[in-house]
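Shared between the two complexes below is chain A, which pairs with chain B and chain C, respectively.
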Partner chain A sequence: MTTLHVLSHSPFGDNRLASCLRLLGNADAVLLTGDAVYALQPGSEPRRQLSERRLATRLFALEEDLQARAIDPAGLALAIDYPAFVELSIRFDKVNSWL
Partner chain B sequence: MKRHRSPIGSSALGAIEMAKSLLIISRQAPWSGPGAREALDIALAGGAFDLPLGVLFLDDGVFQLQAAQQPGQLQQKNLAANLQALPMFGVDELFVSSVSLAERGMDAGNLSLAAQPLDEAELSALVDRYDQVITL
Partner chain C sequence: MKFAIAVFSPAHAPSSRRALLFAQAALAGGHEIVRLFFYQDGVHSASGNIVTPQDEQDVPAQWREFVTQHGLDAVVCIAAALRRGVLDEQEAQRYQRTAVNLPAPWELSGLGQLHEAAQVADRLVCFGGN
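Right, the complex of A and B next:
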């Protein structure tokens, strides 16, 4: 069964992202919301780890959270809006929010 | 107490059980906030209702399993009794990340509660097999 992992905390000084990547399955996806979009900060270690995993079409970020923080997801994550967030939640068998 | 079949290697679980299986991932250290106790409360409540559920101790969550803790020093109630109650409530699918243990110099053979150590590949397989996942 596929899982959509939803992260909302900054990856700096927190290991949710790292742990999520450890147990991420081959068909699972990651959605970055809130401060978690800082993981896409160019030149940062979290961004490097994300690119290393080559998630391609399995990495998403909420557009408004990106814009609010001036983070450019180009080439790594797909920016999505809230309706697409809902569609993603339905497309995957389950959603795991890293609270 | 009714025992549930292991979700590991049991693809027919959904057909056997009316209720959806639930994996609770507990990743908070025991005494710095309510996270650890709340995860445990969910597990015990679910167990009391015979829900097929498992608990995975991950990251700082493995510190909950450290033997000989004395939370009374912090005016906190010990979680150990709640942990020991899990198998009595039918929650016997208990797992722990071997990487999280190793990072913290802990030994799977020396925990306050018997939990099955899982490596990274087994972790993804575990999450995959449950119908629902909650991470606290």
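Right, the complex of A and C next:
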């Protein structure tokens, strides 16, 4: 059973990202949306934590949310659009939104 | 693929618009939406009284148009709506309130509708936050 974890809160305001990474299964993926894309801010602690997990092709971010915040995923996360978001939600067995 | 989509945020939150764009992309991709469920502050996304500033996207109007255009089953949680003052004609009369702000195509119903949608759909996708 694989899960796509969808985050939408800033990693600087609460522990959702840390909790998510603690629960993340080996075949699970993370999608950063809204303020959660701030986790990719260069030089930040959340970005360091994400890099450490070596998620490679299992870390995604919504492209328009990156653009709106001028965040460059710079090789760490794959920027996706909404049709790709829909495809991701199908590729994984469940979608868990960290509301 | 059958989707159930639950919205937990009001129309002025970016996540309400994200839910709308996801729903549009799902239909455009040939998928089916078995139900949209508006819960907690998400009930405000269905309010007919929202006035959006002219230089901003009118997300509540876009939701209404999307639901109407595709004839979708759009359910607003009745308990969450009542406590937030989102009332249809029947509830406004029942509780003797002067204002009605939940016109068609929205429908007030219970949380059981979310449970049922989750059983019927292949995927339940929830939207909330910022």
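FYI, the second predicted complex is superposed on the first by the 99 of 99 C-alpha atoms of A that agree within 3 Å, B and C clash if a C-alpha of one lies under 4 Å from a C-alpha of the other, contacts with A are read in each partner's own complex, and residues count from 1 in each chain.
One rule holds in what follows: a contact is a pair of C-beta atoms (placed from the backbone, for glycine too) under 8 Å apart; a residue touches a chain by one contact, two chains touch by 3 or more.
Remember, predicted model here, so these are calculated numbers, not experimental data.
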item: Fit or clash - chain C, chain B, common chain A; value: fit
item: Broader residue contact with chain A after superposition on the shared chain, chain B or chain C; value: C
item: Which superposed partner A:Met1 touches (first chain B, second chain C, both, neither); value: first
item: Contacts of A:Arg22 with chain B and chain C, given as first, second, both or neither; value: first
item: First, second, both or neither for A:Val86, with chain B first and chain C second; value: second
item: Contacts of A:His9 with chain B and chain C, given as first, second, both or neither; value: second
item: Contacts of A:Leu99 with chain B and chain C, given as first, second, both or neither; value: both
item: Which superposed partner A:Gly34 touches (first chain B, second chain C, both, neither); value: second
item: Touched partner set for A:Ala74, first chain B, second chain C, both or neither; value: neither
item: Lowest inter-chain C-alpha distance for chain C and chain B in the superposed arrangement, angstrom; value: 7
item: Contact residues of chain A, present in both the chain B and the chain C interface; value: 94, 97-99
item: Residues on chain A engaged by chain B in the complex (per definition of touch); value: 1, 3, 15, 19, 22-26, 28, 93-94, 96-99
item: Chain A - residues contacting chain C, complex; value: 6-10, 33-36, 62, 65, 81-83, 85-87, 89-90, 94-95, 97-99
item: List of chain B residues in touch with chain A within their complex; value: 25, 27, 58-59, 97, 99, 120, 123-136
item: Residues of chain C that touch chain A when the two form their complex; value: 1, 3, 8, 14-15, 18, 21-22, 24-26, 28-29, 31, 122-130
